[in-house]
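My structure is below; once you've seen it, I'll send some questions.
So that you can tell them apart, the chains are marked A, B, C, D and E in the order they are listed, and the count of residues begins at 1 in each.
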Amino acid sequence: MLYYIGAISLILIGLYAVLVKKNLLKIVIGLAIVDSGLNLLFIAIGYVKNATAPIFSSESLTADKMVDPVPQSLVLTAIVIGLAVTAVALGLVIRLYDHHKTLDINKIRQLKW
Amino acid sequence: MEFSPVHYIAVPLFAAFLIPLVGKVSKELVKLIPGLVLLYLSYGSIMLFPKGMENPIIEIIAGFKPPFGIALYYGATAAFLVTLVTLLGFVIWLYSYKFIIREPIEKYYMLFMLLITGATGIMLTGDIFNLFVFLEITAIASYSLTAFLRDKDSAEAAFKYLLIGSFSSAFFLLTVMILYTYTGTLNLADLASKADMIPANAKGFALLLVIVGMGIEAEIFPLNGWAPDAYSQAPSPIGAVFAGIVVKAAVYAFIRIIFLFFKTPEVLHFIVIIGLITLIIAEMAALRQHQIKRMLAFSSLGQMGLVILALGIGTTESTSAALFQMFNHAVIKAMLFFAAGYLVFHSGSKLIDSVTGLGYDKPITSFFFSLGALAIIGLPPFSGFWSKLNVLISIASEGEILIIVLILAASVVEAVYYLRIIGKLYTRKEIDSNPRRTPISGLLAMGILAIVIIVIGIYPDVLTQWLQPAAENLLNSEEYIQTGLF
Amino acid sequence: MDSFWMKILGFVITPLVAFAVGVTYGGIVRKITARIQNRVGPPIYQNLLDITKLYSKKTAVNHGVMQHLGPVFAITASVTSLFFVPVLRDSSFWFNLSFDGDLIFLLYMMVFGSLGMALGAGQTGNPNSAIGVSRGLALMVGYEIPFVLSLVALMIQFQTTSIHGLLAVQDTFSSWIIFQSPFATIAGILAFLGMMHYAPFDVPFAPAEVASGPASEFGGKYLALMMTSGSIFTFVKLVLFVNIYFGGAEDLLTLILKTFILYMIPVLTGIVNPRYRTEQAIQFFWKWPTVFGIIAILIVVL
Amino acid sequence: MVEIMISIPVIFVTIFVGAILTYLIKLIMPKVEAYFALLVSAATSYMAFALPKTESIYKFNLGSFNLMWGNNEYSHLFAMLVAVLGFFVVLYSMDFMAGKVNLGFYYFNLLVSIGSMLGIVYSQDFLSLFIFWEIMTWSSFMLVIYAQDEKFSVGIKYFVFSAIGAYLLLTALVILYTNSGSFLLEDNINNFIYLSSQNQILVIIFLIIGFGVKAAMMPFHVWAPDAYKAAPSSFTALFSGALSKMGIFGIGLVLFKFAIQNTDYFTYFQFALAWLGGITALLSTFYAVFQTDAKKLLAYSSIGQLGYIIVGLAVGTPLSIMSALLLTILHGAFKAMLFMSAGAVYYRTGLLDMNETRGLIRKMPLTFLTALMGIITVAGVPPLGGFVSKWMLYEALIQSNYYFLVIIIFVASTAAFLYLYRFIFSLFLGQEEKEFENVKEVPIKMIIPMLLLAGFTLAVGVVPGFVLEQISKAMGYLGIQTPNWENSVLFSNWENSSVNLMSVATSIGILFVLGAIFLTIKNYRSTRYVTTKDIHTSGEVPTENENLTFAVNFYQPFERSLGSVIKPSIDRIFNLIGKNIESAADYLRYIYTGNGQTYAMYVILFFVVLILFADLMFGFKF
Amino acid sequence: MEITYDKNAQEILSTIKSFARKSSLWVIAYGTGCGAIEIPPTMTSRYDAERFGIRGSATPRQADVLLITGYLAVKTLKRVIRTYEQMQDPKYVIAFGSCTINGGMYWDSYNTIKLLDKYIPVDVYINGCMPRPEAVIQGFIKLQELIMNKKAEGAAKYKENLEWYRENQRKIIHNWRMPEYNW
């Protein structure tokens, strides 16, 4: 349960950053936090108490002693994707800073209406 | 080698990785590779198309049978859309061939190939997590392509797109989580068969998540704030890609999921209304745009609203009409973006006012733009008319006269802003004749689309015969589950 | 064969009689006017003298073919109208071509001449002519409303659109329409004031303002022809009104009596009145005459 | 051999392919395209004439709909109008348009619009009717914007109104389709009664408005004056003469094939439509009186005449319908004549402003003759054709229950004299100016169509039988009993009311000739032509540049007496609506603030709203 | 083609014509001078010129008689000539008051004419400064007599001696800008 609470609070913190902070970098960080929260949540879903990693490292391990492997593998993918997105985002932030000389999202509003 | 649906994903993906390497050797080759790939895929599509129309082809990857393995589901709907994507992709490549002259070309084509991979992947995959992955591939490629021009505005547009796109992926990931938690499976068919296992409130929550998550990609109001920016700031062929390929894939995925899991009258009703709102607001917003491509973007939103609306009606006729509309929108909007790209290029400004008088200086490009505009308004004898007619008939058979009236009111608005541009094009004005001409590849691309528009406009039966099976496939979840699970 | 020649004779004599009556009326009007103004006045045959003189004058100039044809239009219209009005009831001799004395046809036929005149006046290039035409046409829209209201009321009431029908109705009920449908008659008579162009409705020709308006470039034989046509036309209008509202006439004497009395209405009104401005004249017709006409129709309908 | 070849698809192939070829020929061999267009239109017109009236039916499937083309008496009537006018307009265009830019474009659209009009009348199903309708709309739109004299907003106005009409039409068609499962006219007519009463009314209203927009019915007429003015005069002749008649074609069809089936409300439809037509006629006549542009004046006149036609159709007695159809044909002829003569003046002087043009009668006598016969026909003065239709209309109206409508129509037709005189006076009469000294009569190719049409109006006025025969057949198709008619005698329903046109014409003719001979013999040798400067000006000798024409504010007293009745308020209402929609759109735009964060906020808000109202929308609770 | 009539018939015809002309004199009054004030009393109830068929007319095209009522300024003369020339044959001129005969009280004015007959042919002079309505009517009756006796040939005189008249006219009107005379 704690995991869930932790994950969800992470998501909310990230959301707060994204929605309220004006600095582009902080928004990107917020996105990353949301991502982490989501990943954590997913892991938490697959978690089985007192289980080990889903690797057949010894004979005694059975499937019910392991955590669910699917979420873990999915999260792995999700992390990679999140990383890619963050990288693109940071690249864009750099370019925006080059052009606008500011990181304030309220000032980067050329395209509107 | 027998063509199989896997090639749709594998070949462009492979090409995408090949391109940077080839780029070290020859730029020309870089330009040619996507064309060859898309030509191959188009050829394959045409070969595979009749088969897919008859029976869904299930392609299993890595040897595990569904529901455990990852499967590709090449049903009638997917066949229809994938064929559209590949053919349109080829035309877009043709157009890009001379249009994209700015470095780095290899990155452009790499991302373009990735986009194709993602889009076909979304349409073909039978696995919800793969769907997520392909969505992300598409999204990341789109972000990057939006920013391709490296100027102030494109970066801004890309950032907005990214910001909202991240929400989309987050919401969709949550959906996947919920579905997985209660069913323990990721295969769509399997999921659908086990949908009863999900408690009602969780299912409802998943529905909301899907609506928001996929709605962002499907550009429903009010989740489409990113779209006008991205459409208008991306290079014109990419605008065409967005309008013709990306959003089609997203809408397909959206509707597929809705139909599989949440097909209740209330949900369909909601989709109809949200589609209608999207349509009306987008058309109204388009009315007062000053930039040609931004206007096209809003128009695109409106058209997708119409598609979503028609899908929401949920009958075979409406679905086939929606698919028809998707097809037309893809073709016509691609042509409009193509023509707009060169109009902007020739006039040197994105503003609508600056195209004044170009109709005489650049007659062919302007002609294609006008043709596209008339077609998208829904004038016979162009293809846009038939799909609109079919949509209206399908709505009328449900007895919703008011919706028809509202759609047509929006169409009047649409007519106004398109005609405004046509009028500007053909207003006589002394302009310095621009020695630059629209290159032959661009004209060829537009010409192909124009021929498609006119041929289907005069003889729509070319297309309509395929719509019925495609629509039935999309509607029939039972069949999907059965064939998807063997 | 006999009847054919009689018909031809009728064709010839009718216009002559109409002309004679019209001209004499004109003279009488001048005399009466003079007497009312405490003058001696010209002889009764003065108008005839005027017309003779005008015919004897040279006509040195024209401004083009339409000016030349304008008077022809006028005389054609007035004589044709005359042919289609039943001058005397139940008389084959005076019957002429008035197969039914169709009212709608007559309404349009009567315009033919004005149109020709207006065209002729237009070609002279005299601004006064154009102003006169403009005023005349505007005035026509004015008086047409009560007139048509009145006619429509009668047509609906008696289920006929021909003068013969109206005459027959007056025969069967043996009372004139003025007694059967007084409001329609009032509207009609008020419209008649405008139609005769006597003061206060003589705006198109106002000599002091627009130099006799449309006719200001017409002299000599053109004017003579126009005056001839005018005299005939006066007669046509009078006969028409007598037929419609006052039961027609069976012999010439009655006809002359009735038409004369009818004629005195606009004349006497004219003598004691100044001239309206054009818009006042138009608005006059759109007030009480129209109201009377509408009342007439309402009475019929309800 | 030839008879076998003439079928409807052949006609369409001829004209549409001919249109494309014309365009291509222009690109390859300029100056030949006009002749080629003439050839195409001549061939089409010939085939339209020779087309068998009943048995030429062509069925096919398109887009999973059954479609049918065929000819019948009613179609044939309108097809004749289109064929004749189309050919004349092409002939007229040859010289009128010579030397203009983009001729290929012009002829292409001209031929396409002729073809689409034929398509409309030959369509035996609603879908192909609608398709041809839209083709007609855009091809005429192209010609409206072709000249570029006016602002483009004129074109947009035209198109928007057309689009509104077309979409209402489409809505109605779609409703009909869902009822009968077919687009065929016949099926729809037969199945109409199965439609719910509410839908029946809706369908009829939509159809009538849809068709009425093209027929410039109030209050949807506002596009017409501007569009008629903006289009080249040669096309305006077709526009007003034939294209607007397609609306009449449709309204006739709707009224007597569909609306008549709804027995409960048919009389209301008739009543509403008749009054609409009457008001259209009256108001547009008043507007026409105060126009200064010749083409706009004719445009308003056109609207008014279409109002008469609508009245005639709506009143629905055999006589009124016959008059309406006769007026339809005649209006095609005389409005084409008038627009062509206005075009001829424009061709020679480059002017259409009636405050500027004057005194062209001696320079362009044949054009003047055409215009004169045109205005006499419009005015309804015997012995020309207009009288026939007017007479029948009035007889019909008086005999029906529309007492006050008669008055309105009468007043409108009287007021029509005002603008007609203004038209002919300002263009042809009045002072002859020095600036028009070198003006010549227009070329023969422009004269021929005008004079032929003028001859037609005269023929209709004297022996209308040859047209009435065709019309009564068409009425037979509509299922309306034909009133009495004879070759040159008109009958009304009331006893002994008739007009013998032949004797009228004879009388007028003889008297006119006699009068003319009298005056000419008496005057001809002694009279000398003098310039229009030689007029009575209180002894003053006018200088050469002195403006002696009274043209500006021609009907000022009339305007004063009308007061504020005639302000074109409908225009303003539509402008207001348009402006408000635009500004609403402008405000709506501000939803897209341009701030990424706001968009993100929208996403979250939308989600929250969904959660909050999930119960309401999807029927579940958390 | 000349149509020849019987002489008697011609005689009768011309007598009728003369009678008609004489009894229907339409006057265009050129109210140049003070004499114009005498026209209204002549026309109205007290003297009633209409009983002789004398009537005002609005335009020269319709008029028979040109009435020059008083002194003529040079400036006005031009208009008078123009008006006279626009009148249709047969036409007559009645000159009114002494001013038209010898300049009257304006005899040494620099810009009035002294003798009207030098410029347009006058048929009847009515003298007096100014002539009373009785005199005016007398003048008209004189004119009628002249017409009846076919002696009122002013117009013919003008036609014959046009050059002489023109010369006189030109002499006094400096900015001569007149269209040709239409016969």
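Note that in this section a residue touches a chain if its C-beta (ideal position, glycine included) is under 8 Å from a C-beta of that chain, and two chains touch if they have at least 3 such contacts.
Every value quoted in this text rests on a predicted model; they were computed, and no experiment measured them.
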Chain pair with the greatest number of C-beta contact pairs: C-D
Innermost chain, where centres are averages of C-alpha coordinates: D
Most remote chain, CA-based centroid, reference being subunit E: A
Approximate Å spacing (C-alpha centroids) for the pair subunit A, subunit E: 115
Rounded Å distance between subunit C and subunit D, as computed from the means of their C-alpha atoms: 36
Rounded Å distance between subunit B and subunit E, as computed from the means of their C-alpha atoms: 96
Mean-CA-position distance for subunit E and subunit D (Å): 58
Multi-chain contact residues (two or more partners), subunit B: 159-160, 163, 228-229, 288
Residues of subunit C whose C-beta touches two or more other chains: 58-61, 211, 216-217, 220
Residues of subunit A engaged with two or more neighbouring chains: 18, 27, 108-111, 113
Contacting chain pairs - touch in the sense defined above: A-B, A-D, B-D, C-D, C-E, D-E
Subunit D-touching residues of subunit B, taken from the complex the two chains share: 159-160, 163-164, 167, 171, 200-201, 203-205, 207-208, 211-212, 215-216, 222-223, 225-226, 228-229, 264, 266-267, 270, 281, 284-285, 287-289, 374, 377, 379-381, 385-386, 389-390, 392-393, 395-397, 399, 401, 404-405, 408-409, 411-413, 415-416, 419-420, 422-424, 426-428, 459-461, 464
Parts of subunit E lying in touch with subunit D, wherever the complex brings them together: 30, 59-61, 78-80, 82-83, 86, 177-179, 182-183
Contact set on subunit C toward subunit E in their complex: 30, 34, 37-43, 46, 49-50, 52-53, 56-61, 207-208, 211-212, 215-220, 223
In the complex with subunit B, residue positions of subunit D that touch it: 61-64, 127, 130-131, 134-135, 137-138, 145, 148, 152, 155-156, 159-160, 163-164, 167-168, 170-171, 174-175, 177-178, 199, 202, 581-582, 584-586, 588-589, 591-594, 596-600, 602-607, 610-611, 614, 617-622
Complex contacts: residues of subunit A adjacent to subunit B: 11, 18, 24, 27, 31, 34-35, 38, 41-42, 45, 70-71, 74, 77-78, 81, 84-85, 88-89, 91-93, 95-96, 99-100, 108-111, 113
